[in-house]
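A, B, C and D are the chain letters, set down in written order, and residue numbers restart from 1 in every chain.
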Amino acid sequence: MIPAAFDYSAPSTLSEALALLKQHGDDAKILAGGHSLIPMMKLRFASPGHLIDINNIPGLSYIKEDGGFLKIGAMTREVMLDESDLIRSKYPIFSDATKLIADPQVRNMGTIGGNIAHGDAANDHPAVMLALRAEVSITGEKGTRNVPIDEFFFGFYSTAVKAGEILTEIKIPIPAKGSGGAYHKLERKMGDYATAGVAVQLTIDKGTCTQVGIGLTNVNATPLRASRSEGVLKGNKITDALIEQAAQFAAQDCSPSPDLRGDEEYKRAMVKVLVKRMMHKAIDRAK
Amino acid sequence: MEKEITVTLNGVAKTVTVEPRLLLVHLIRENLNQTGTHIGCDTSHCGACTVLLDGKSVKSCTILAVQANGKKISTVEGLLQADGTLAAIQEAFKENHALHCGFCTPGMMMRAVELLQKNPNPTEEQIRWGISGNLCRCTGYNNIVKAVQYAGAKMRGDKLPSTEPIFV
Amino acid sequence: MRTTIEKEFELEQPIAKVWEYLSDPTKIVECVPGASLTEKIDERNYKGQVTTSFGPVKASYNGEINISELDQTNHKMVLVGKGVDSKGKGSADMTMNGSLVDKDGATVVKFIMDISISGMLAQFGARLIKDVSEQLLGQFVNNFKDKLSGKEVDNTMSGSSMMGSVLKSTIGGLFGGDKK
Amino acid sequence: MIQECKTSKAISGMGHSMKRKEDGRFIQGKGNYVDDIKLDGMLYMDIYRSPYAYAKIKKINIDKAMKVPGVVAVITGKDLEKYNLHWMPTLMSDTQMVLPTDTVMYQAQEVAAVIATSRYAAADGVEAVEVEYEVMKPVMDPYKSTAPGAPVLRPDKKGKTDNKIWHWEVGDKQKTDKLFATAEVTVKEEIYVPRIHVASIETCGCVADYHKVNNHLTMYMTTQAPHAIRTVIALVAGHVGLTEEKIRVISPDIGGGFGGKVPVYPGYVIAIAVSFLVGKPVKWIEDRSENLQADSFARDYHITAEMAGTKAGKIQGIRFKVLADHGYTDASANPSKFPAGMFSICTGSYDYDTAFVEADAVYTNKPPGGVAYRCSFRVTEAVQGIERITDRFAQTIGMDPAAFRFKNFIKKEQFPWKSPTGWSYDSGDYELALKKAMDVIDYAGLRKEQIEKRKKGEIMGIGICSFTEVVGAGPSKDFDILGIKMFDSAEIRVHPTGKAIARFGTKSQGQGHETTYAQIIAEELGIPAENIQVEEGDTDTAPYGLGTYASRSTPTAGAAAAIAARKLRDKAKKIAAYLLEVSEADLEWEPGVFFVKGAPEKKKTIQEIVFASYTNHPQGMEAGFEATHYYDPPNLTFPFGSYICVVDIDKETCEIKVRRFVAIDDCGNIINPMIVQGQVHGGLTQGIAPAMYEELIYDDDGNILNGTFMDYLVPTAVESPSWETGHTITPSPHHPIGAKGVGESPTVGAPPAIANAIMDALSPYGITNIDIPITPYKVWKAMKEKGAVKGV
């Protein structure tokens, strides 16, 4: 499998990259980790005329807490998330997700920005972002704009990143004390896309759920927020019955497609199981 | 439009002119004639093409040669120690019968090298997860796990585990 | 690889007007994302082209459209499209059943689309066919609504902003969770 | 120690876990696989394949492809037709298109070959080939293939009016039907053994190097049977002047074969044709998708298995009916007389005298094949059938599956045992193997645990498989492929300094022949295995043999090595007697030395004797120290084993975890315990694969839905459990070194053990069968049907 010929640039600054994007228009694609794009090119599903490799642009790879946000540079590789002490100690939901993304070699290349910007509901970070109520920073010629994650995913491979723009940063509001989160996906084998995946992030204050985010992976055309589920939990004392109700809503509100991983009925049932399990895990971690 | 790139392959700097679409694995195998790195699946699932790029294990079938410009590439051919003796991971694979057909072996060893650098004393589970991006169709993985443990012990200077097969 | 998708929606316009648009291939095709007619063979048969674009993936189909049923009295039509990937990697067939029902001066439109794809897309895109088809049908419906209400319709697939606005209103509707 | 050693470690004959001699090159990246071969002026071939399963070719336009820079030729079926090279025989004497002239018969079938100066240009050329098709509705269901109204898929075969390939049967139909009509208990189950793929990590490929001046072809290719391939090439291309002496097939290092590298694929033939036409070397290497989509599949047997017996638990007979889906052509590699391979081993390890087995093979629009994937010709299918139905029977009469097996095993003293389908089992001790497995895993303890778990609503299962294999094809009276008898060969040459080279007609693909053959010769001659160089895979140097598959290397070539070595030992004895000036009768042998009885200080080492054979041999004796043997086995060998698997199933997600797996194998005498264990480990992972993960899946239109490693789920180290393996040793009485062969036992034995464990776990819910691969999804659906889990 060999990609069709293309031209290649490796700009060393963001503005250079943006200028190249403008110059080449629709024919250009951004090369981040490349582990979604290059296989598509090798299969010749995608044949961009120009690749703009942003791996050489300094300053796009970092994990830091700053101004009330956890800020992650778009070019931060999965392996960095996996090995970051800050992430491990304070945001274990990320560790849950990264260890299930593809495999170690792919995680050495794959970036969080690419995982999100690809706009594939089967990717794992989008659900985590929904749970964490992240904001995505998108940089274009005219500067940087912030897009709430709920307004980011439009459709299949389609996101709020417009022509001429690059996703540059992910901003996550630092959860309050008493918060916890968890992610899990069912997969047929290591490295597979999710049969179903669920991310839960919540804050418990004196037994009451004051904040909750639930994101679903690969059970909808776009990464899906389980809004009704969140609705029944927020502001209430969490009981098993409430968790059951939340799980039921999530299972009903998603829209899974049948494939080799299972039919719609099975996937809904798995969403239900996973919501319950991730709720309990998140509650444990919130303690 | 062809590009001139310089890579350091197993310690030796090489300057080559390549098409941007040239895959790193083809650069290594075809342009630089180091055929120890193999191609098994083309879609980044099997890990036979694993090499170290600036010390990190990556799948060279899904990286462009131009992306390696200015970087260090290490392949199985560079594993031998300076005195010509086998590296710990090579000795471990041989002593523990961790290879049959040998096709996945170079990629598997390169992955194990990074795994052991990061975690010199991994548990069986950590090894199994750590090599989950490398498929082996021959060995059933038991002896690969054993070999990685053996190499870890050797690198740590610990007593080496027995390499005799254990039967129930 | 086959999938069936259905969509039902209501339009303010009277049934006669909606039928006029629905039964005219030249108008219909302008609403199909990425589609254009290239040749009219006769009243019922046309040649056309569809170019789709999803992120980095682009595919172009050359095809024939046949109106196999046009039932003026019951406001039912069946449109059969057969397309071959311009690179010869496979084909896509589509049968669209469209029907209109008058509802107090407004019109209820129902589409049932049977889609089958063969070749490389079927091999590699199995997990996506339903979602993508629904997405395309959603866009089509929006374009159709716009066209009926006299708005300019841009049915090319180049602008992701266009996709965005369309999808937020269609797929986005699910966020409310009114299903089931 | 698992196997008694008669030689010192320095000699490393049989029973020593000698480290492998071949490993040095592999761990240094110096293996020489076919894609590593580069020749001057070499061209690259890439193949345009059909996107459709069944279609008429209306037009092939190569103009754009020819304009791609670097492309030198585009070859179609019409081009090959000019040389009558557009068809070729399969190893089953069926026929197969090399390139089609009018119709494509399966998705990913080769349609045109692009030849270019680089791999990249060839790929670009393939993209530019334009083909117009008239798509037809394919036949994907083998049951529909023979239904009225199905299109006749092979009108190229004269007089063919349906899609049946062959019918085969064995056993006593009347007696069996009578038994089933009267038996106290009969059970029946539909068991599908899915279409799977060997998926060796190296795909297939070749470099065809034809020299016009010498009219000579050197064919480097991924083949498990180089000699047979040479003969096939001569049969296909003899008419254009490529006769057998002009052909040299070299099988370099092979990155896993497992049966998938036995057949002749169109790509090889096209590469040869192109090299022949342009006079330059041509390289063709498949990518993974081509490999999964077009190369020979394995299995795909629809089995209706029935067992009859008494309420008290005595098996009285079986009746098996099989529908075999061969796809477009029968491209199996079975012995000619056995179109269903050794499927008739399906009577299993049990003592009864009534059986009837029949099989029908049909054409469909799937890729061709039927290779013996790490299996001695359909034994995997047979064992899946008998071991599943055995458990079903035990379950039906409420008997523990282990107790049921003990009650029915063929007893040790009954060997040689004549099976109701005509096999003569050489030796066995089935009770011992199962007992050992039960002891190791604590079977009684597990059953207790299961009772406790069930009380708590937890799902746990224990599965047994006590299989009997049949390998080592085979005796020449019954076994041939394309008429060539299935002997195998060894040639040993010992150099004056006492070091040897040995050559074989087989071809290792990872089995470790360079080590184990050396150990066999070391055992017989006392020359250290370290000093015996083993070579295979070059038809110019190695003696003729049928190759490596079906666990036949040790039973055939291994035996040939032992006998050739014994011929040399006989010669050595004569020389020793001459040198020591005693009669041969006065000599005794211990590994590596002949000494005079009662005077052990009077001795000659094998090295001294060999040196004398070149420097000081008796007058009248032929000089040198060489022997060749072509071994024709008197019978097949019958390895066996008992495997026990424990699974835990998540009651909500239905995820299945193999908690423990104990495999007790008996492959007769063991040459190298380390290698044998490695073979078992690997085979077990290839057994869990179809049991829980792998299946080639097609839709009704003939599209393959999992033609990459993204969806064809080869297990990683995480899915693969930590295997626990052990042995009993029951030597084969007729084999020169008492060995039986082991490579395939685990692939054969593991799937039913796992399936039985999962079905045991699910038995409280009334679920009796789920076809492999048993996935969480399938379990969940079955549980849902029984009301054990709920939907949303």
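Definition applied: contacts are C-beta pairs under 8 Å (C-beta built on N, C-alpha and C of every residue); 3 or more make two chains touch, one makes a residue touch a chain.
Given the structure is predicted, the values throughout are model-derived calculations rather than measurements.
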Query raised in the report: If you tally contacting C-beta pairs, which pair wins, B-D or A-C?
Result: B-D
Report summary line: Rounded to the nearest Å, the gap separating the Cα centres of chain B and chain C is 49
Query raised in the report: With chain centres defined as C-alpha means, what is the inter-centre distance between chain A and chain B in Å?
Result: 30
Report summary line: chain A to chain C, mean C-alpha position gap in Å, rounds to 30
**Report entry** Shared interface positions of chain C, touching two or more other chains
**Finding:** 87, 120, 124, 126
Query raised in the report: Got the chain D residues that touch at least 2 other chains?
Result: 119-120, 127, 287-289, 705, 708, 710, 716, 718
Report summary line: Check: chain A positions touching at least 2 other chains come out as 1-2, 4-5, 41, 43-44, 103, 190-191, 252, 260-261
Report summary line: Chains touch in the following pairs A-B, A-C, A-D, B-D, C-D
Query - Touch list for chain A against partner chain C, complex - result: 26, 29, 37, 40-41, 43-48, 118-119, 121-122, 150-151, 154-163, 193, 220-222, 224-225, 227-228, 249, 252-253, 255, 257-261
Report summary line: Seen from chain D, its contact residues with chain B in the complex are 2, 17, 19-20, 22-31, 33, 35-36, 38, 119-120, 198-203, 253-258, 287-289, 440, 509-512, 662, 664, 673-675, 677-686, 708-710, 714, 716-718, 720, 722-727
**Report entry** In the complex with chain A, residue positions of chain D that touch it
**Finding:** 119-120, 123-124, 127, 287-289, 652-653, 655, 693, 697, 705-706, 710-711, 713, 715-716, 718-719, 775-777, 780-781, 784, 789-792
**Report entry** chain C residues within the chain A interface of the complex
**Finding:** 54-59, 87, 120, 124, 126-132, 134-135, 158-161, 163-164, 167-168, 171, 174-177, 179-180
Report task. Enumerate the contact residues on chain A facing chain D in the complex. Result -> 1-2, 4-5, 44, 103, 186, 188-192, 195, 248, 251-252, 260-263, 265-266, 268-273
